[in-house]
Structures are given as C-alpha cells and as structure tokens.
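Same chain, two partners: subunit A is paired with subunit B first, then with subunit C.
What follows is the complex of A and B.
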C-alpha cells in the first residue's frame, strides 16, 4: 500500500548502519555466532481467520492469516489438487527505508519463497480444486524474513486444520568475514558475503527449500548447511511446543464452557 | 455446546435476538459496555513511532515514518502529514491482496477528515527551515484483525502513534543537506530538555497535538443501542452510528452509515453521551501507555 508521494520527500536516518558486526566472536546484540535470537511463536491470533500465527525472532515480527480452503479467487488452470496461494506484504514502516506503493520485487520474491517452502508439506489432495490463501504481513523486518514467514505460515496452516505431512521450520545463515552466523539480523545480512535460507520437514529431515546467495566454497557450504540444520532442530521444538500449548488451552476452554453450561 | 454453535450459524439473527432481548451480548457484555482495550507503544523499532491497539479482538497497528521534503511554495513553513489505512488481507475473509479496498479508502477519508477538521497536528510544527525544508510524516495504519468498530480502533492507533512521536532535532547545512543538530553544551542541553519536556534527550522533540479525538461506534438493533459492536453483530445491525468527541466532550464528527432504520435525535444524543464517557476512559489508557513508555525510555537511557 503506502500513500503515493504527493511531492518528493527523502528518507533521513538518525543512525548509520554499523560497519563491523562481530567483535571478539560476539555479535552486536550480544549473541554468540551460533545463537538464535529470542523466538516467540503463537497461534490463533486473528479471530476472523481459519488459522493464524504470530512469530517474533528478535526484531523480526510476522503475522500470518490463513483463509480457506475456499474457492480460488484467481482464474487458474483446472487441477484435481488443492493450491496454496501465498501473498507476503511488508508493512510500509517495517523496513529502514519506507516501502513503496504496490508490490515490491522483494515482496514478490518472499511470496514465491514461502509458497515453495510450504507446498511440499501440505497434503494438497485433501482439498481438491480449492485454494488455501496464506496472507503474511511482515510488521517489522529485522532480518531472516523468509525463514520466519515460512515457519509462521506452516503453524497457521496447522492452526487452520489443513492436513500437513509435517510442520515446516526454516532459518537463515549469513557468512560475514569468514564467520558463519546463525539467524542473522538485518545489519548482519547487510554486511554478508554469502547467505543461505533452509526450510525443512524436521521429522524426516527433508529439505523443502534451500536458497543460497553469494559465492561459497564446498566445505563452507556444508558447514553452513549443518549450522542451519541445527538451527531448524531448535526451532522445531519451539514450534511443536507452540502447537501443543494451543491444543491444551483450547481443551481447557472447552471444559470450562461445558462446566458453565451444566451449572 | 455444539448445538448452540449450529444454531448461531443457521439462524444468526435469531441467535442475536435471544441475547439482546435479555439485555446481554453474545460475548457476555451488557449492551452499553465497550470491549477491553489495550495500547502498546513503540512496538515496531523501524518506525519512528508506532502503536498497537486492541479493542477486544479488533487489532490495529499504526506506524509513522518521517522523511524530509523541500518546503512547498504556498506554505513555506509547513510540513505534510499523509495518512493511509490498509485492511491487510489477513484481517478478514473478504479482504484480498492488491488494490486498496473501498472500505479501506473510506476509513482513510474519515480519519483524514477528523484529523484535519479537529486540527490535531499543526503542520507548522513540522517545519525544519522555513522556505527550505520540512518533515513529511507518513502515518500508515494496518488492520490486523477486523472484529468490528474499525474506525474507533484506527483513530485510537493514529492518536497514540502521533502522541508518542518524537522528531529529531536537525538543521540544514550550507550545502542544503539535513544534518543532526549539533549537541549543545551541557547547560543549554539541560535548558532545552526542560523546555521540550523530554527528559534527557534534547535531540528529540514531541509534537503537541491540538486535540485528542476519540470515536465510539454504536449499533442499533431491535431499537436498542449496542456500544462497540463486534463483526458478528455488525453484520446484523439495522444501523450504525459513530460519534467522535474531544477530551472536553465537544463533538468533532458524527457518522451514520445508512442502515435500514433511521436514528432519532434521542438515539444520536445517546450515542454522543456514550462517546463522551468512552473518551474519558480511552484518554486515561493513552496517558498510562505514554507514561509507561517514558519510564521505559528513562530506564534504558544511560544516565
């Protein structure tokens, strides 16, 4: 969205981006190289949606709403299978520089990325000819949006009761000055020489999506992948706990209502 | 429990009628009570100011970005404020990605009209250097969960974001570039801090808002007034009234969006009175949120 500019205005920043992101093996935000940011996951955050999730990794904040499965809005080719339709939007104030009117190339890339990460996980045959609309809004882009959005979107699909073969967890790794950083922030990925995003189905350890940027040597890439796998394993336990908590809370609420109805 | 759910789905009108006849709402509220409201400030660190407002399940996020613009010829000492409301596609089942919807455009118009009409932001406060440069504020409002009474939530989010906004002190250098204002020496800094009433940060200046509008939506159903309706109720209402008042109880706007019944003068009066009460409650909440944010900032700042 974002209002069209009536006249020219230019961004102005109070602070410059830091030139160095690692000092003595410690990152700017005090993390060690292989440490995750604080992760917070919650499902059932939007009252109107079939399923929804909120994910916060440090400063990256993402909200996902799933509607459907319902009749496909867009005219698409006939398919016996269901479709997952993803639209990712960045809030205009989510980035350092204010977003533009209409869909930006970055949003298009994120939409395609999240869709690719999810498609292999959902049982598309369980909702033939219909589409599940996954709407993602990035409230604040603090780095690693693709991974956070894919993880949150999988939780929202689960919350909507759409059959999945497994949940999807995704995280990113950046290479800065020869060091591998797990779950990089925007300042860190701004200074990176190479980066990768890994999405996988954690039970079978099958990769649904792997994107790498920049130049990597074989051994470095292997190391980076291992680090990302380790990150995904940490995320998996958080994601499963989040879904368990939601079920327990729902059961408790139902019991309470039954008691009230009897009383 | 399942039976009640099925009844609600099949006969939503009868379901609501059963409640309203008893003088209660499906969510357990009395007819004249607004939902629990919360305000969170500074939730998005990339925005210059931001506010997350929840009224029941209705959730709205407003963010402000400041940019620098050249002064406009016909108003050399004024800046600009651009407001836009977006119904994010995740907020309700009818919103779709793509072009802004009619409902979003209507909300934008209403809020712009209210801010303009009430003189909430004096644009001269946005001046950096008269005739040369000024601040352009972009206020973007995202509806995250549309569970009724959207205008109330959007207006509150905008008001909260603007109340918490702090503009950086900047100057225009000889080359025409914007620079951070030089840090004044200690004595002057203390004086400036006292003047700006922002403890410990002479580099930041708060806007002073000309007025604090608060709106309240009421629905008419079976001849009764339902304060702060949910989306489920809104779909069945016979008419919807929205009154906007300022902190002193003066009326800033009234809006009745058609509907199948007319509203009597008495009904309008009732809605305005409810809005005045609501305004007091909301001002209190906003002040509380601002105090909390100030305390947090003071604690975080190195003394």
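What follows is the complex of A and C.
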C-alpha cells in the first residue's frame, strides 16, 4: 500500500549532506587529497565459512563469507570450469535511507561488479563443476563499497584456500571541483562530477574491473587512473600482510593447543 | 626460516624450478596461488624431475574436490535398474566438507559380463563402497566405476541390520542369521 511504502523510506540520518567537501586541500575528515581512510583488514572471522574476511575503510564496513568449492545447484548446467557466485547484501541499516525488501538495483550492480573483479583472479580450472559462493554483507556504506567489497572478497577467497592467480585490490577515486580525491566517503562522492573504481591484480598490474561514472576528459581520466593505481599499490601491502598475519596467528594457536594437550 | 607467501607472489624462475602444488607458471616466473609456506624440494632421481620443485603448503583445511582418477569412498543412497546413486564421503584419505553426488552406472559396476549386471545384486542403499572417479560426469553427479578387483562394497549391513562378512567377490554373509546376500565386494589387501 502506498502509505506503508513511504513509511519505510524514512531516512536514518536527517542531517543535510555538507556542500563543501574540500577546504584548502584538506578534506572534511582531515585527510589530504591522496590519503586513504583508516584501513582494517582481517581474515578468518566466520568460523563456519570455508573462508571469510572483514574490512573497514573508515566508515565503510564489509563482511565477506566464502562457502566452497561445493557442488553447484542442480539447475546449473555442466561446466569444465568452476564458478564464483557473488551475492552482495546491503544491511537495511547500512545506508542513509532504510533498505527496501528484496534485492535492490544497487545490490545487483555491486554483485555483478564484485563478480567481474574476482573471476579473472581465481584459477577456475582447479575446481571443475563446483562453485564457490561468496556472500558479501555491507554493514555500513560509508563510500567506495564496490572497491572495499572486491578487496575483502579476494582476501576471503584466499582464506578459503581457493587457488588464485593473484589477490585483487580495488580503490575508488572521485573528482570534485577539479580535485582528485582518493578513497572518497559518501559525502564526497555525492558532490563528485566524475568517479571511478579500479580493481586490479597487483603483481602484474592487470585490471580486472574499471567502472567510471560521470564526465572525464582524457587527461583527467589518465590522472585519475594513476592515482587509483597508486592507491591499489598501497592497499596491496596491507592486504598481503593481513594474509600473512593470519597464518602466523593460526600456527601460534595450533602450537598452544598442542602444548595444552600434552600438559 | 619459514617464508609465508600469498597468491601472486613470485617464488622462483620457471627455468630453474618445477612448479609443485599451490603454484602456477606465469611468463618466466613460478607464482604462488595459495596462502601458505613456501617449500623447496630437491631434485628427484627420476628423469622427469631434474630440477628442484617449489610448492606452497597451506595450513588449515584444504578444499577437497574429486577429480578423474581419484579413489573415493562413497555411501549408496538410491538404486534403480540402471544405476546406483551415491554420496561421496572421502576423496582418498581426506573427507569432503561439502556434499558431492556420484553415480555408478550399470556398465561400470564390473569388468566382465557387463550386460548381465544386476544393480540389486551388486549394491544396496546404505552400503559403503570404494570407487574410482571415471569423469566429472554431468551437472549433477560424478561418474564412478567399481570395475576393478579392489573396488566395490567395503561395508554393508544385512537385512537383519548386522554388518556382513565377505565370502567371495560376489557374496557377503550375515554372521547372525547366516543368510548370504549378493554384493560386488571389494578385494581389500590384508
């Protein structure tokens, strides 16, 4: 009924979005134009999943669970290669407006975007006929969700032991009043004249996904891509360190369990 | 000194080393495909192993997927005159974490007289069988075969519910009721 629908779209945040997002080269949250938000990455956060990862980029919080490789559903046809199925869900409290029931167009776009970013990275021939199901839950959508989701999903796939040619790192860039901002928040990307999301395999700099929005001139686009590639290079070291830390922690826990068993 | 590597990291030159498990060859490099510890195994004696091998060993649970040629342990779920449907429990010594379906078709039950095979006299629901993966099969199940001496039923309960003792490659006997039932029995090494 029409009345019920309107009641469902009451915004959580009643404040207006800020009109100016840059002042003298400093952004609203104090960052410089080419600075990332505070990044936190951790794998192995969901015990029942084959692999999982949690990523926080400032106010964007994403949790990913990977289940598989497991037998594909019956109605899916035979394939010599494995499949990666991505399902992104924005929690109803993640965005400024409460989410609608069912999958919104934004979630469908995010699912397709993350799937494209991951498919080139996984060695699909290593799990023929089976599929790896990737469930992404965005707990808070503070900006750059596609990039954060793709990075977290790649970490979760690596955590699940699925063979990957390389990890995927992704970041976003916004152009506001001629300035290029790396890793924009929602307030910043709301004011953008152009934006792009770049996902790549860092060792070989192979691009797996590039989404561009709005207007870009040739030179602006080149600068934007260079900034995004630099951002991805920064993320790469954080992502690899996160995976290595998980191995060290798991080994320490195993040693502790063995010692306790002997005692 | 254990070196932890992540997917995509270059481990060695492909000209000097062989690629082992958990690695792939990209251009002139051997790159890791898993998160784990890098291990270098010295060159073997055989002709094919002239170079040392680099592999990545993953700690934790490795996903297990059946492949053609693997010996699997499966439980029979359903039979009909054309095939026996099974649930794959283990691939080699490793249990699977997910459900995989397999099918033993009537022509793959044994090697001799395949046109006279009766599924009813070879398998019953609830039997545990050892089989070999023939191929990936179709979308729904792997194709398995028991057409070798060491493949077939390894554990079965009689109609009375008691585990049976094998008598020959075709018969098993219930120790309590002494009834003999027909199965395609696996010949296991003592």
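The working rule: the second predicted complex is superposed on the first by the 248 of 263 C-alpha atoms of A that agree within 3 Å, B and C clash if a C-alpha of one lies under 4 Å from a C-alpha of the other, contacts with A are read in each partner's own complex, and residues count from 1 in each chain.
Here is the rule we go by: a contact is a pair of C-beta atoms (placed from the backbone, for glycine too) under 8 Å apart; a residue touches a chain by one contact, two chains touch by 3 or more.
These figures come from a predicted structure and were not determined experimentally.
Legend: residue contacts after superposition of the two complexes on their common chain; A:30 is shown touching neither subunit B nor subunit C. Contacts of A:261 after superposition: subunit B is touched, whereas subunit C is not reached. By the touch criterion defined above, A:95 lies against subunit B but remains apart from subunit C after alignment on the C-alpha atoms of chain A.
Once the two complexes are laid over each other on the shared chain, residue contacts for A:178 go to neither subunit B nor subunit C. When both complexes are overlaid on chain A, the residue A:140 reaches subunit B alone and has no touch with subunit C. Judged by the touch definition given at the top, the superposed model places A:46 against subunit B, while subunit C stays out of reach.
Within the superposed three-chain model, A:61 lies in touch with subunit B and out of touch with subunit C [touch as defined at top]. In the three-chain superposition model, subunit A touches both subunit B and subunit C at residues 70, 254. Listed in rising order, the residues of subunit A touching subunit B in the complex are 1-3, 6-12, 14, 45-49, 52, 59, 61, 63-65, 67, 70, 73, 87, 89, 91-96, 98, 133, 135-137, 139-142, 254, 257-258, 261.
On the subunit A side of its complex with subunit C, the touching residues are 50, 68-72, 74, 76-80, 121, 123, 126-130, 158-167, 201-204, 239-240, 243-244, 246-248, 250-251, 254. Residues of subunit B that touch subunit A in their complex: 1, 43-48, 50, 57, 59, 61, 63-70, 72, 80, 82-84, 86, 88-93, 96-97, 100, 136, 138, 140, 142, 144-147, 168, 170, 178, 180, 231.
Within the complex, the subunit C residues that touch subunit A are 4, 6-10, 22, 24, 26, 31, 33-37, 58-63, 65, 67, 97-101, 136-140, 142.
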